[in-house]
Amino acid sequence: MAEKFEPRIVAFLCKWCSSAGSDLAGVSRMQYPPNVIPITVMCSGSVSPLYIFDAFNKGADGVLVSGCHPGDCHYIKGNYYARRRIALVKELLEFIGLEQKRFRMSWVSAAEGTKYTQIISDFVEDLKPLGPQTKLRRKI
Amino acid sequence: MDKILLKKALHQWVKKLHAYRIYAPSKDGDIWTYEALTGSEGFDPDFRTTALSPKKIIFPQREVYFQFEKKDGDNNSIKETLPEDESAIVLGVRPCDARALTLTDKVFGGDFKDLYYWKRRNQTILVGMACITPPSPNCFCLSVDGSPHSKEGLDILLTDLGEKYYVQSLTKKGDQLLNLAKNLFTQPGAADKRDLQKIQTESEKKIKRQIDNLKKVPPKLKGMWDSPFWDEEAMSCLRCGICTYMCPTCHCFDINDEIHSSAPLKGERIRTWDTCQFPDFTMHSSGHNPRPDKAARLRQRIMHKFQYFLEIHKNYQCTGCGRCVTKCPVSIDIIEVLEKVRDYGS
Amino acid sequence: MVNVEDLRKEAQRILREGKVKYVIGYEKDQNGLLPKPAFIEEPEDVARLIWNPTCVHNLTKFLVDEKKRKALEKKPDNRPVGIVVKGCDSRAIVVLLQEKYIEREDVHILGMSCERNGVIDEKKLAKKLKGQNAENVEIDEDGNFVVTSANKTIKFQAEELLAERCLECPANYPVIYDLLLGEKAKKKAAEPFKSLGKMESLSEEERWAFWTEQLSKCIRCYACRSACPMCYCDECVVDTINFAVTADTTASEKAGKIKWVEKSPVPSENFVYHMVRAMHLAGRCIDCGECERVCPLDIPLRFLNKKLEKEAKELFGYDAGFDPNKPSLVSSFKDEDPEDFIR
Amino acid sequence: MRKKTGVFVCHCGINIAGTVDVKKVAGDLSKHPGVDFSEDYVYMCSDPGQNMIIDAIKEKKLDNVVVACCSPTLHETTFRNAAKAAGINDFQCEIANIREQCSWVHKDMDKATAKATKLTRSAVEKVRQNESLDPISIPVTRRALVIGGGIAGIQAALDIANTGYEVILVERNPSIGGHMIQLSETFPTLDCSQCILTPKMVEVSKHPKIKLMTYSEIQDISGYVGNFRVKILKKPTYVDPDKCTLCDECTKVCPVVMTNEFDLGLTGRKAIYIPFPQAIPATFTLDIKGCPGLVPIACGKCADVCEPKAIDYDMKAQIIEEEVGAIIVATGYDLYEKENLSEYGYGKYPDVLDGLQFERLCSASGPTQGKVLRPSDHKEPKEVVFIQCAGSRDPELHCAYCSKICCMYTAKHAMLYKHHVHDGQAYIFYIDIRSGGKGYEEFVQRAVEEDDVVYLRGKVSKIFEEQGKIKVWGVDTLSGKDIEIDADMVVLATAMRPSQGAAELAKKLKIAMDKDGFLAEAHPKLRPVESVTSGMFLAGAAQAPKDIPEAVAQASGAAAKAISILSQERLFHSPMVAKVSLNLCTGCGMCVDVCPYEALSLKDGKAEVNEVLCEGCGTCQATCLRAAINVKNTTPSQVHEMIRASLGG
């Protein structure tokens, strides 16, 4: 069963670094599993905790937030606010008992196509054994 | 028909009832709630007032009306979802809560019969438990034409006589349940009847809280629509939904569509409890809100229960269970409010 | 020891001098142990004011009410409001000031120090008295509770009856006030996050089971947010209909109204509601414990906020409700904020 | 009114069609609610492809379109222009990136196709809620303000003025020239500082496009890029420069002697004075700090002897308002305060000097007419110790950063000293020698080889006076030997600090400062001359320690940036900016705290967006607890729908 299961991942990528990084992965024809649907946002700092809860509520098996490395934010400091906010979201999700592997954050620069590829591949691998995310998924 | 059931035989009887789905009060930490009963154990006849009344079983907080799906072209589908057929027993219903259902019956059984409500209502059997000692410090059923041993709305009423229960079956449904274990029930003797009388009068004396001359309240209310009284009384109100959600007689609801999938468009139309105490209850899409503040909402709650409902259905919409008094975070006490109304301006 | 007479005197003075519109305090409730909020307008009525360890409510929510009420009035009386606060409540005022929801001039703060003690937990007391009602609770010189029940007086060690939050209180005296009653007894909780210990020691699955059981009980009466002084939004993110529509509300704003949470009180939706609430209170919750106290189904909501309070403290060195002039937890950052969780 | 959406799926030859079943994607999308037209084509970006879009929009009366193709970075503009050509707003076109983020990174056709469908759906849900927006256009006041009349400010002002735009150059001292005019010679060429700077200063004073305002300070700045309003405080000099003939009679009679800032206290000057002979503007200034009183009764000697009656005691401070489109901040540096370096006897012993004082000693126009003499007894020092990193690179006690120029000027000082005192000996204590720069390393080598300067790698542990000598104890960490020198003079290469008052100015300008108080650039790598506030640029040591060529280079860079604004009649700004829902905003100000661009402020208890400054990053949106502030066309509502679509729910 676990082999059959294909996790569904929502990835919030900042436009300037991480989304560009994923483009680079494409241009370089790197291969990674098709389980991620990226949503490009202006800045990791614009990712509201609500988006993350909503994604899990709508059945995401994993959620990724990715932004520019500290110091590289196109908007100078958006990713610093993100770092703080996301840390709290992570703690909360773990506290209520969601598998901690299901939510992660990364810094991916426009030059790090390889890193993006790796992060997605690992994410998918880590999620497969967990099976579908049913805890927060809307059940009505 | 009246019977006697020995206390020690109670559980044997309950065993026999398992052909039905059984709900009974169960204790979770400090609070009592109605839960599905599995096995004969776990039913404690000395339960206190439950957080929610059996209303939640007959009129659940969430009810699905129908499911809809948008298909190609115009052949869209709509599927009505009535509650499934399953007779249920609520074991251990307080007389006030049973009376409350007779009031919601009037609401859902008027010119328009609410299919969802009545399907559950009709297939549910209510086994009452008379209150020997008030299950809540704020019981005041006597003041609102009720009593700790009222039979209204019940199918069976059990009264604790110490070693045994005095069992009164009040409907055919009730008789069915007794017939499931004929051998457990015996005929009551004259002494039992006397004990019953005695215990009933005693139990009434034990009720601490009351409102004298409640009948003076409705006419008073008529003249109090725009009295500053409501502002003062509502000063400490927090606008939460406790008083109404806990109330066994409140029955207001909201209807929403819940979208489960946008492509293809799938979802359910659902009914959920709603309350006049929430600011959005009367919010118009224009933004105008005819009940702009909590004063207006408290007034609505009192007037609905003690004027409008009375005019329409000839009963107060309150059975004195005391939940709203006990649970109000800021001790807004409906009894005090009514007394103040009664004495207002005199 | 706090002398309630001093409180009444001051209340009377500010009322008589017309310094305040009215004074928000506690008064005896005839039919229960806990007092009820009192709104005193006449100097003669100050005798109604009481002060004892059953004064659990956080009255600062009524400052929010006052502001909302004033917004509706044509010619509002802009005099300040007098309010009786404990240490925790005073921190709520600090947050309201920090978020510019109220101005310092809007309140005349009558600060009550809990003096090495705090308020009682009604449920703990009920257990001790085995269902017996208590008529009165007081503190004696040694900081023990003296409970009067059925004409008997019983002594309890403070710890036996103290509300959990008081045992973990960072400062049980007002941090901001116009008048302080009682001494600023510095009693910093030895283990400010003790109660979380049990929860955190549980396994992931145990924690999940715990919260599923608890949050399944939620009937969304919203008493938690109603009692919370930090929940002052005109429109709550979970309300789907209550859109504060005004003349300048555009069609797109109406259309843009999002249903983050369904009205159905089912676990998945209850989780979103309570998690969003927890996030919105991160760095703002001052642990007055009201959300948990008012919950009619005894959901231990305080844990959620306490957890984030702990993280704010341990990850970012942030305490809520002490400095009205510093930026909020989530509207600030430090270069050295931890990022070991980021890949 | 239901919106009609059109979807266009590009094959990109086989780049997409190779791994994504484009026909299936187009087919599935045609069933998506609200989609009225869905087609695929081999090359959407080709003319026929674009025409297909244009025609469909016109014929099917589409409200908006989604093009599923390559990354928006490549053809978003192409297709938005097409949409425009068809008569709908460019924001009614969105791109679904099914190439870089899908077909190129996957092999499994079915899965890639499924993903492409989700990506396209997501874009459809987004575009449906897009607002039609037009770029925000701002008029430009085509004048510039340069703050600071040092070399950086002078260079920037000249560069701008020479392209024909008016420049206001504000300097708080009586003369422009900054610190450079105090220097004797400059490394690595040893050409005379005044000789190369004074021509530029004169050019400034003569330039028809430059309005020079000395003895003036910025009082207040409002407005935004292209449209700043500046209030400048012009302090009274009590001397009318037009009447003053520089006869110098006034100083002869002035009874008050004060310390001379220009010589860093090595000499004195009168209360009425000219900072230095070549001062620009060439005029005298009456320093009221020292003047007995601006009334003839008190003194009035200067006024009596002034033939042309240039002295006017009634002169008042003026506030001059100017409008400019761009601002360059070149407020320069100051030396690390004496009191912070008492361990070196700095400020305690007269013969312990800082670098600038030593420059004055070497300067031909200096207090000693270019002879190196000890301030204490005017004897020629025979042994001089130079100490580098005095206050720099010392995170514990002083500044953590490297002041960058000290290695070079210390080598220069040692050389100059040798050129003045041939039989003298120069010692230099250093931590490292940092001589990166054209001809710099060779310069240092010259100091060692030709002027046999002794370089000692190590820190000085103690300095104290003993019978007329300054004893310097230190250690040579290379040999491990303790060093003890009986010096006649000690010269400290004191750290560079942001010029005093820079912090207040930064607040007025609303530009950020780094942890050391230097002005912060917008991006450490990519926007080194821009400040965080658009329309304001940085030049010279105000941004970080720099030597002259670097300061000049940055000044020209800043000038070019400013010109790029001034050269336009209107500025255009992306309309994807934050918008406040006043009915939800409670005025908590969290958005104001987080905004990186000072674009948000509180007005009447509600947040207000300055659309010109807003870059649309959306940090405010995620911070707001009340969903009261949203960035146009990336609203939570849109993200919410995209999440749904992405998960097929």
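Going by the order they are written in, the chains are A, B, C and D; count residues from 1 in each one.
Throughout what follows, a residue touches a chain if its C-beta (ideal position, glycine included) is under 8 Å from a C-beta of that chain, and two chains touch if they have at least 3 such contacts.
As the structure is a computational prediction, the values presented were derived from the model and not from experiment.
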{"item": "Furthest chain, CA centroid comparison against subunit D", "value": "B"}
{"item": "Selected pair, greater C-beta contact count between A-C and C-D", "value": "A-C"}
{"item": "Geometric centre distance via CA averages, subunit B-subunit A, whole Å", "value": "47"}
{"item": "Centroid spacing, where centroids are CA-atom means, of subunit A and subunit C in whole angstrom", "value": "35"}
{"item": "Inter-chain centre distance, subunit B versus subunit D - centres from mean C-alpha coordinates, in Å", "value": "71"}
{"item": "Junction residues of subunit C, two or more chains touched", "value": "237, 244-246, 249, 260, 262, 264, 266, 330-332"}
{"item": "Sequence positions of subunit D contacting 2 or more other chains", "value": "594, 623, 636, 640, 644, 648-649"}
{"item": "Touching two or more other chains - residues of subunit A", "value": "49-50, 54, 77, 81, 85, 138, 140"}
{"item": "Subunit A-touching residues of subunit C, taken from the complex the two chains share", "value": "199-200, 204-212, 237, 260, 262, 264, 266-269, 271-272, 275-276, 278-279, 282, 304, 307-308, 311-312, 315-316, 329-333, 335, 337-339, 341-343"}
{"item": "Residues on subunit B engaged by subunit D in the complex (per definition of touch)", "value": "70, 72, 260-265"}
{"item": "Residues of subunit D that touch subunit A when the two form their complex", "value": "71-73, 97, 99-102, 104-108, 111-112, 114-115, 118-119, 122, 522-524, 532, 576, 594, 596-597, 615-619, 621-623, 631, 634, 636, 639-640, 642-644, 646-649"}
{"item": "For the subunit A and subunit C complex, residues of the former touching the latter", "value": "49-50, 53-54, 57, 70, 77, 80-81, 83-100, 104-107, 119, 135-140"}
{"item": "Subunit D to subunit B touching residues, read off their complex", "value": "31-33, 121, 125, 641, 644-645, 648-649"}
